[in-house]
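Each structure below is given as C-alpha cells.
What follows is chain A paired twice: with chain B in the first complex and chain C in the second.
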Partner chain A sequence: MAEKKFNKKKESSPLSYHEEYRDKKTPQPQKTPSPEKERFTLISGYTPRIDGERIVTGKAPFTHDINLRGLLYGKILRSPHACAQIISMDLTKAKNLPGVKAVLQLKKEKVQYVGEQVAAVAAVNEFIAEKALKMIEVEYKTLPFVVTEEEAMKKDSPRVHENSNVQKFSDYSRGDVEKGYQEAHAVLEKTFKTEIEIHHPTETHGSVAKWEGDRLVVWDSTQAIHNVRNGLAKALNIPQSQVKVIKKYMGGGFGSKLGLNDYTMAAAKLAKITHNPVKIILSRKENSLTVGNRPSSIQTLKGGVKKDGTITSLSLINYTSGGIGRGDRCSEPMIDIYRCPHIKVNEYTVYTHTGPSRPTRAPGHVQGTFALESFLDELAAEIDMDPLELRKKNYTTKNEGGTGIPYSSKGLDQCYQIGAQKIGWHRRNKIPGQSNGRFRKGIGMGTQIWWGVGRPETLADVMLHPDGSVEAICGTQDLGTGTRTYMAVIPADTLGLKPQDITVKIGNTSYPWCGASGGSTTTPSVAPAIRDAAVKARDYLKKMAAEKLEIDSKNIGVADRKFFNQNNPNQSITFKELTEDLSREKVFHGEYVGRPSGYAYNTFGAHFAEVEVDTQTGKIKVIKVIAVHEIGRVMNKQTAESQVVGGITQGVSTALFEGRVMDPSIGTVLNPNLIDYKLATSYDSPEIEIHFVDIVDPRINNLGTKGLGEPPRIPIAAAISNAVYNAVGIHVKETPMTPDKVLQTLKEKEA
Partner chain B sequence: MEDKNQKKGKPIKRRDFLKGFGGGAMGAAVAPKFLVQEKKTISTKEGNIPVYSKKKISLIVNGKKHTLSVKPRDTLLDVLREKLNLTGPKRICNHGECGGCTVLLDAQPVYSCMFLAVRADGQKITTVEGLAKGGNLHSIQKAFIEKDGYQCGFCTSGFIMSSLALLQRNKKPNLEEIKQAFSGNLCRCGNYFKIYDAVSEAAKKMRGA
Partner chain C sequence: MNEFKLAQPQSVGQATSFLSQKPKGCHIMAGGTDLLGEMKNGIIDAEVVVDLKSLPELSFIKREQNKVRVGALTPVSELAENSFIQNEYSVLYEAALSLATPQLRNVGTVGGNLCQRPRCWYYRDSQILCLKKGGHKCFAFNGRNKYHAILGGGPCFIVYPSDLAPALISLGAEVIIASSKKEKKIPLEEFYVLPKENLLQENILQPGEMLKEIQFPLKGSGEKSTYHKLKERGTWDFALVSAAVNAQITNQSFKEIRIILGGVAPIPWRAKKAESVIKGNRITQSLLQQAAQEELRDAVPLTDNAYKTKLVQSIMSQAALSLVKT
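What follows is the complex of A and B.
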C-alpha cells in the first residue's frame, strides 16, 4: 500500500489539538525484528480478560473502593455563580463544627463558572463534611455572564477572558480554494452543528491522598498515573521520587482523566494538614459541571466537485465552544482523508462562562467527521453519484489529501469493500428519500481516520523467577480496554506459555514509565515494549536451553511451556526446568523506541448503518451497524471487539441523545444527572457486526499494531446521519438528532 | 458491628430528630419505632461529636447474618460498602438513575442507593460477592467473562445482579426481555451488545444446555 517515494515533509500540522497524542521527538528506527515475519498462536486470537474473575465477583479495587484506617472524607464547596468576584470568605463556623478536621480556602479572586471550586473540607464522615460546606460563608459580587455560544459571539456580550470571546486558534491552507471552486461542476455550502457532551464515566472523578512522612501516596481514578505524579510534585514543590500514584481499576475516563485535578491537590493538602488520609469523590452533579466536556461546534463547510466525482476544493469555518477552555480542532479529517488539492480552514474558539473542556474520546474528529461525511453525501447527490463511489474516487495513499507523505499502511479500501458487502449497500435508496410511508429506512456510511501510534521511550519489564513464575510489569493503566490481558498474551505467546502463567503488574508509578492512556496510544506503546522484553527473555532462555540440549539456539522452538529442538521435537526441556537454573529473578527491560520517519501512521475504518425514521414522531432507530477497522495487527480480538461495540453505542448516543443544556438566566447546567442528560441505554444498542482488516503495519513497531480507542467512536454519528438522509432525503445537520429536530427538518423539506 | 454503648428506651427530642435527619428529607421513609435511642457524644481532641439516633438492625447478606446499628439516613448501599466492606455495589449516581448499586432483596432487584438500610431490617440481601459458591463462579459470572460482557467493570456488578433477577424468573429470555431487564442499568462504556450475549450464554448454562 505504501508508496516507495520518500518524502521529507513534516509528519503533521503544528496546530493540532492532539499534539499530546503524537510523539514530539523525531521517530527513530525500531531495532526489533520486522513484525511481518512473526507467527503467533495467542496474539490476534480471542483471550478472555485475565482479570475477569476480579471484576465479576466485585473484588476489583477501584479508587471509590479504597478504605484506609483513619480515613477522612473531603468535600468541595463550589461556586453557585457563573461569574463573580469573591469579596470575602469566613471559614470559622465550618471549622468549629464537631467532626470537621480541616477547612481550606482554594479560590481567592474570581470564579468563572458554576461549579468552580472555592473551598474544601475534610471531616470524619461525608455527612458532616457536607454540613460544613454549608457553613462556609462566602460573599460574592456577581458579575455579568454568558453561557451560550450564540450570546457569547455577540459584540457586547460579557467577556469571559481579557480578550474577545471569539478567538482564532487554528488555520490551515493549501492550494487555492477559489481556483478549485471555479473548476467544480457543483459547489455547495452547508452548516452542521454539534452539541456539548459530557464524559460521564460511571466512576466519578476521585482521589485518596495519604502522607507517609514526606512521601505522598495517591490513589487516583486516572488515565495517567505519571502525569498525576509529576503534576503533584510540581504543584507541591516536592521531588517526583517522593510521590507515588496508584490506579488499579477505573470506571471509565474517555479523556476526562488525563491530568492532575484540583480536587486531588485539595485532598493532598487536607491530608497534610490533618495527618490523616483524605478521600475526595465527586458527585454526579460535580462530574457534570467541572471535569470536562466535548466542545460544541458550528461548522460551515463549502466544497466543489467535478461531474466525475473529483473533489476540487474544501473549506471549513468552525466556531467551537469548550466553556472557559478551548474548543476542538475539527478540521483534521478534512485535511487528511480525501485527495483534495485546495483546502482552507479557519477555526475559532467561543468562550463562555461554563466548565472547561477536556479531550473527549476522539476530540475534534467526532464533530469534524459528522460534518464532513454528511456533507460529502450531499456533494454526491449533487452529481448523482453513489456516495461510496465518491469516496473511492478521492482515495489517497498519502496524508494531507495526497499532498503529504505516504501512509505506512492503509486498509481503508478493504474497509469500504467489506462494509458495503456486509450491509448490502445495493439495498439503499438510490435517490435519498425516495421511499414512502410513515416508517422509512435508509443506509448510510462514514469514514474514519485517527492516529493511533505509540509513544517512544515507553518501558516495560518481563521478570522471570527461578520457580518458573513470570511477571509483566509496566507503569501503564487499563481503562477497561484490555491492557492487562494483552500484557499477559504477548509474553505468553513469546515464551510458549499460557496467559494465566503471567502475573501482570500495572497502575503504579513505581513501575517502568508509560504515558497516559489516551488518544489510542496505549497498545502501540505498551505492546511493543512488553514484546521487546519478552523476546529478550526468550532469547536468554533459548541460549540456556541450547546448552542443555547441546544444539544451536537457532534450532530451538518454543511452545506448550517447553523449549524444544525444532528438528527433533521429542528433545525438549520444560520452561520450569530452565528457570530453575536461574540463581535469582532475572529482569528483561523492554522499550518501544520509535518508528521510521517519512511515513504517516494512521488508523482507518468505515461504519455502515441502517436506520428507520418514524416520520410521524421524528424518532430514529438504528437497526444495524457494520463496523470495519484497520488497526494493524489486533492484539486480542476479544477485547478489541468490545471497544468497537462501545464506540458504536457512544456514537449512537452522540447522534441521537446527548447534549448539555444550559440555563442562560442563572448560568448553570440544567441536566447535571443521568436522567435529564440522556445516554444510550440497553434499548438503544443496534445489532453490531465487527470486522478487522487483516493488515500488519510493516514499520510502526515490532508487532505491527496500532491503537483502537478512538477509531470506533469517530464515524458512527456520520453513518447514522447519512442513513437518515438516505431514508428521508434531507440531513438533520445537528446532533443530537432528537425527534423535534427531525420533525422540524422534515417540515423544512416539505416547504 | 454492634454499638454496645447505646441505651434503649429513652425518647429523643424533636430537635435531635431534625438534626440527625439533615433537615428531615428522608423522614418520610422511616418508621418511628427506632427513634427511641438516645443522642450521645464522642469526645475528640477537637471537641465533642454528636452522634444521633441509631437503630440496631440485622441483615442476612449473602447468607450470613450481620447485626449492626445504622443511622436512619444510611442507605443500604452505604451500609454494604462502608460497614460490611462489600464494595461490589457501586455508587455511580446515588440517585436511582443508573443501577450500579443493584442488589437483590430476596429475589427482587433494588437500587441500594435508594433503599434505606432500616427498611431492609431482617431481610435477605444478595450482592455480587455472594454469587460464587465455594470458589466456583456462578454461570452468569462465567458467561460475562467468556462473552466479554464488560469493559471498565464499574457497572458490571449491577448488570450481573439484574441478570440474576431476570434469569431466576425467566429461564429463556428473548432479546427484548433481556433489554427490558436492563432498562434500569447504564453502561457508559456502551457494551450492551456484548452483555446481551453474556446473558443468553448464562441462560444456556443455567438450563444446563
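What follows is the complex of A and C.
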C-alpha cells in the first residue's frame, strides 16, 4: 500500500518539479547580504575540475563499479505489452533454477506500457538472472492501447486512465486577448511540434542495496540522495534514520534520476529476502523505455503585434504528452518574458500507453521556448522588423510581462548586445530566405529565461583539523557539473587557501541536508551555505590570529595560506600555525537562509546561431553558436563553460536528431538504443563561444550567484530554428529537424 | 544471450567443417560488432559460434599482377589506412572511412561488413516476429519506415546497410566462397538476393559456406571513383542514401560508368537505368538529373520515405560531378 501511494505521487512529478524548484516564498534573511561588495581571487576564475583526473583515468567509482562481498545481480522482467491485464504469474521454474536466490512478483493487476516492471530476479550472476527471467511464466490478457499523441486525442481511442486521455492541467490568463488582437496591425497563428526525447545519461540507471540488520544502505546513481532516502523509508515503512543513500560519481541524469525508482525498491526488497547485497543496473533499452522522457508538445501560438513592434496579445494552446505521466507546462516563457498585457494559455496533457515522463533539463521551457521564439521571428517578419529589435522593444524589468514584481537582477539586455556583436548580427539575411543557391546560410537567435534560485535551509559544514587540513561537507551530489570543484574553490578563497587544500565530501545522506540537484538549484543552495560556513571559520581564525599578532581582527587579511596584518603584511601567521592551536577539529555550520521577497529571481540568456542548410539534401549544419548567459556571479568559469557546452550540444542534438519513435500498432519504442536514437556526435558540434554577463545579484544570496544547470539547454533549438528560417524563409516548425522534414518544408514553401 | 559453444578453428578447412556439422544454430563471428549485438538482443540464438579471429591468415591486403586480394578478416580500418587503396580506389577508401566509428572500424571486418544483417528496427526487436524472422507480416510496410527501401522492396523492405558492398561492386569485385567441399568465385553483385527470392537471408551463402576473400581488378587508365554517403548526423550513422560511382572519363563524357546505390534497396542497388542514360554522353547536370529520374521510375516509396527519392537525385549527380571536377 505504501508503495502505491508513492507511485501516485510520482505520476504528477512535472508539477511537483515546478513546485519544488521554482522561486517560492522563502524565509526572510535577517540582513541583506550585499554580495556585490565582495572581492575574490579564486571565485569567478578558471579552476580545473578537482576530480577531473580521477574521472578521465577511470579511478572515480560510479554506481556501476560498486562491488560488495556476496553481491547478487538483479534483473527485471518487463511487460511486452502496451496495455494488458496480468491473469497469472508462475515463478516456480525461475525459482528452481540453480543460482537463483530470489524471485519477486512486482505487478499484480495491469500493465500500462511496454517496459513496465512486472517481476524481478536476484541470482549469483547476470547470466543466470537473465535466464531466470525467461522462465517466469506470465499470462496476459492484452487490451486495446494507444501510444501516439495524435491518436490518443481522438474521442474513441482507448483510455489510459479512468478519465478521458485529454486533461486540462494548466490555464493562465491576463487582460483580454481579443482586445489585444483588435489593437494589432498583424495577427498570426502557427503550430509548432516537439517530439518526445529520452534523457539518455551516459551512465544508465542503477542501484545497489544492502541491509545491515535493520539498516538499509543504498548506492544509487541519483540526483537526489535525500529524496531517495525518504522515498525508501516511506515505501518500506522504516524510519528515515535507518536508511543511508550514497552516491559517489555519476554520469549524468538530466532529471531522470530525481527521486526513488521502482528498480531501487526491487533491489532493496530482493536484498532483504536474500540477506545479500543486490545490484540492479538498467540496460540502455530499459533506459529508453521506463525511466522517463521529455513530453512532446503540439503548440498553437497566436500573437498580435503593432507596426512599431509592440506585442499586444499572445495566446497558446498546447497538447503535451508524457505517456502515462503528465505533459509539460510550456507556457512560462510566454507568460513571463516579454511585455505583453493580454495573454491566454490553455494546456492539456494527453495520456498514452507509453513510459511516464520525468523532468528533463528545463522541462517545458525547452519546448515552449522553441515555439515562442520561432513564432516571434515570424511576427517580426510580418511587420518587417529586425527580430532582435522586436525583443528589445518588448523588454521589461518586471516579471509576468511587465505586470508583476521587479526582477532582482536582469542582464538580458547585455546578453543581446554581446551576442549580436559577436555573431555579426548585421550579416544575417535582412529578409528571411533572401539568399539563393544550394547551400544557404542564416543567422538566428533565441532568448532564455529560467528559475535558478537556491533552496532555503540548505546546510553545509566546514571542518578545520588541528593539522591544518580542511573539509567541506554537504549532503548534495555532483551530477558531473562541477559541484565538488566550487565546493573547494569557495572555502579556499575565503580562507586564503588553494582548492587542493580542501577535501570535499558529498553524496551521503549522513552529511548536512541538501535538496535534489534539479531546477538549477544546486549552486545557489550549496555555494551560499558553504560560503557561510567558511566565513564563520575564517572569522574564528581571524580572532585567533588577532590575539597572536596583537592587532584588531578587523585589520587581518587572508591570502597565500597566511593570516596577516593588512597594515603591515610582513606581520603574519600561517594557516597551519593557527590551526595547531585548535585542540580538536572544529566544525562551522553554514546555511543558505533565503532571500528577500518582493523580487523575482531568474536567470537569463540568449543564444545566437549560424547555420547552413543544404536545400538538396535537407541537412542542417550548425556552424557557430554564441552563448551569452546572465547567472549572477559565476562561481567557476571553467566548469560553467563546460555546462554551457553540454547544454548547447544537447540542444543541437534534439533540434536536429533526437526523437523517440513509437510503432502505433505494436505499441513499442522502435529506437531503444543509441544507434537509432541519434545523439549528436563531436562532428555535429558547432564552434561555441561563451560569455557571461558581469552582474552580481544584490540580494539572492551571500555570493550573488544563480543557477546554470538548465539555462544553456533552453534557447538553442530556437536559435537554430530561427537561423534556418533566416536561411530558407520558412520554419521547419518541428523537432527534430531531420532531412525528411526539412525537404518536406522546402517543398511546402515552393508550393 | 543464450549459452553457446565457441569454436576456434585453426584452418579454413576446420572452420568450414565446423560449419557443415551444425548448420542450424551455427554462426560465424568475425569482428563480432554485428553478431554480438544480435545475440545479446536475443534476435538469434546461437548454439555454436565459429570465431574466425583464430585465423589471422585471412587478414591481408595483397596487390598481385592483375588484381587486388583482400582477406575476409581484414579490419575495415586497414582498408582506410592502406595507402595503395587510398591512392587507387577512392571509392573503397571513402566508403571505409564513412563507416560507423573508428572503434567499430578497428574491430569490424570486411567479410563481416559484407555479410551483416539488416538494421530494420522491427527486425532488431526480439519480441517482433516479422516476415524476415519467419513471421507472417512486414511491420515496416504500414509502420514506421523512414529508413526503409524505395527500390526492390517487397515483401520485406529492408535496405542493405553495408557501405563497403556498393563500393566493391562498383570496382567489379568478386568473392571467394569456401565450404568443406570446394571453393567458388562469384561476382559480389550476384552475392546478394532480393527478399522476393529469399526472405530469410540477404545473400546466397548456403549452410556450411563462408566468405573467404574479396578480389577486384587493378585500376584501369582514366578510371576514377568516389563514394558519397548521406547520413543524418556527422558520423556513427548508417547511410540514408549513398552512391558508389566508378567511371572511365574521356573528353568530358563517361565512357564507362557503374553506379551502385546504398540505403535504397534490400541489396546494393546497381543503377543500370541511370548508367545507360549517362554512358557515352556529355556530362551535364541535366543529364545526371535525367539519369536519376530514369532510375527512380521504378521507385515505390512507403509512407515515410519518399524523401529518399530527392536524396538519390542529389547524391547521384553530386558523386558523378565530383569525378569530373577532380
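The rule is short, and it goes like this: the second predicted complex is superposed on the first by the 725 of 751 C-alpha atoms of A that agree within 3 Å, B and C clash if a C-alpha of one lies under 4 Å from a C-alpha of the other, contacts with A are read in each partner's own complex, and residues count from 1 in each chain.
Please note the rule applied: a residue touches a chain if its C-beta (ideal position, glycine included) is under 8 Å from a C-beta of that chain, and two chains touch if they have at least 3 such contacts.
It should be emphasised that the depicted structure is a prediction, and the values quoted were computed from it without experimental measurement.
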#### Entry: Chain touching more of chain A, residue-wise (chain B, chain C)
B
### Partner chain(s) touched by A:V56 [first = chain B, second = chain C, both, neither]
first
### Query
Regarding the shared-chain residue A:T738, is it in contact with chain B (first), chain C (second), both, or neither?
second
### Task
Could you look at A:I675 and tell me whether it touches chain B, chain C, both or neither (first, second, both, neither)?
both
### Message
Looking at A:R159 after the superposition, I want to know if it touches chain B, chain C, both of them or none. Which is it: first, second, both, neither?
### Response
neither
### Task
Using the superposition on chain A described above, determine whether A:R174 touches chain B (first), chain C (second), both, or neither.
neither
### Query
First (chain B), second (chain C), both or neither: which does A:Y683 touch?
both
### Query
Taking the superposition as given, does A:M250 touch the first partner, chain B, the second, chain C, both, or neither?
first
### Query
Regarding the shared-chain residue A:Q616, is it in contact with chain B (first), chain C (second), both, or neither?
second
### Shared chain A contacts, counted only where both chain B and chain C touch the same residue
127, 673, 675, 680-684
### Task
Please name which positions on chain C make contact with chain A in the complex.
1, 3, 119, 121-122, 124-125, 127-128, 139, 142-144, 146, 230, 232-238, 240, 304-305, 307, 310-311, 313-315, 318
#### Entry: Of all residues in chain A, those that touch chain B in their complex
48-49, 52-53, 55-62, 64-65, 67, 98-101, 124, 127-128, 131, 200-204, 249-252, 254, 281, 283-284, 479-481, 638-639, 641-643, 645-650, 653, 673-675, 679-688
#### Entry: In the complex, chain B residues that touch chain A
22, 44, 46-50, 73, 81-82, 85-95, 97-98, 100, 127-129, 131-132, 137, 140-141, 144-146, 148, 150-157, 160, 178-179, 182-183, 185-196
### Task
Flag every residue of chain A that touches chain C in the complex, lowest number first.
80, 127, 130, 616-619, 656-657, 661-666, 668, 670-671, 673, 675-676, 678, 680-684, 738-740, 743-744
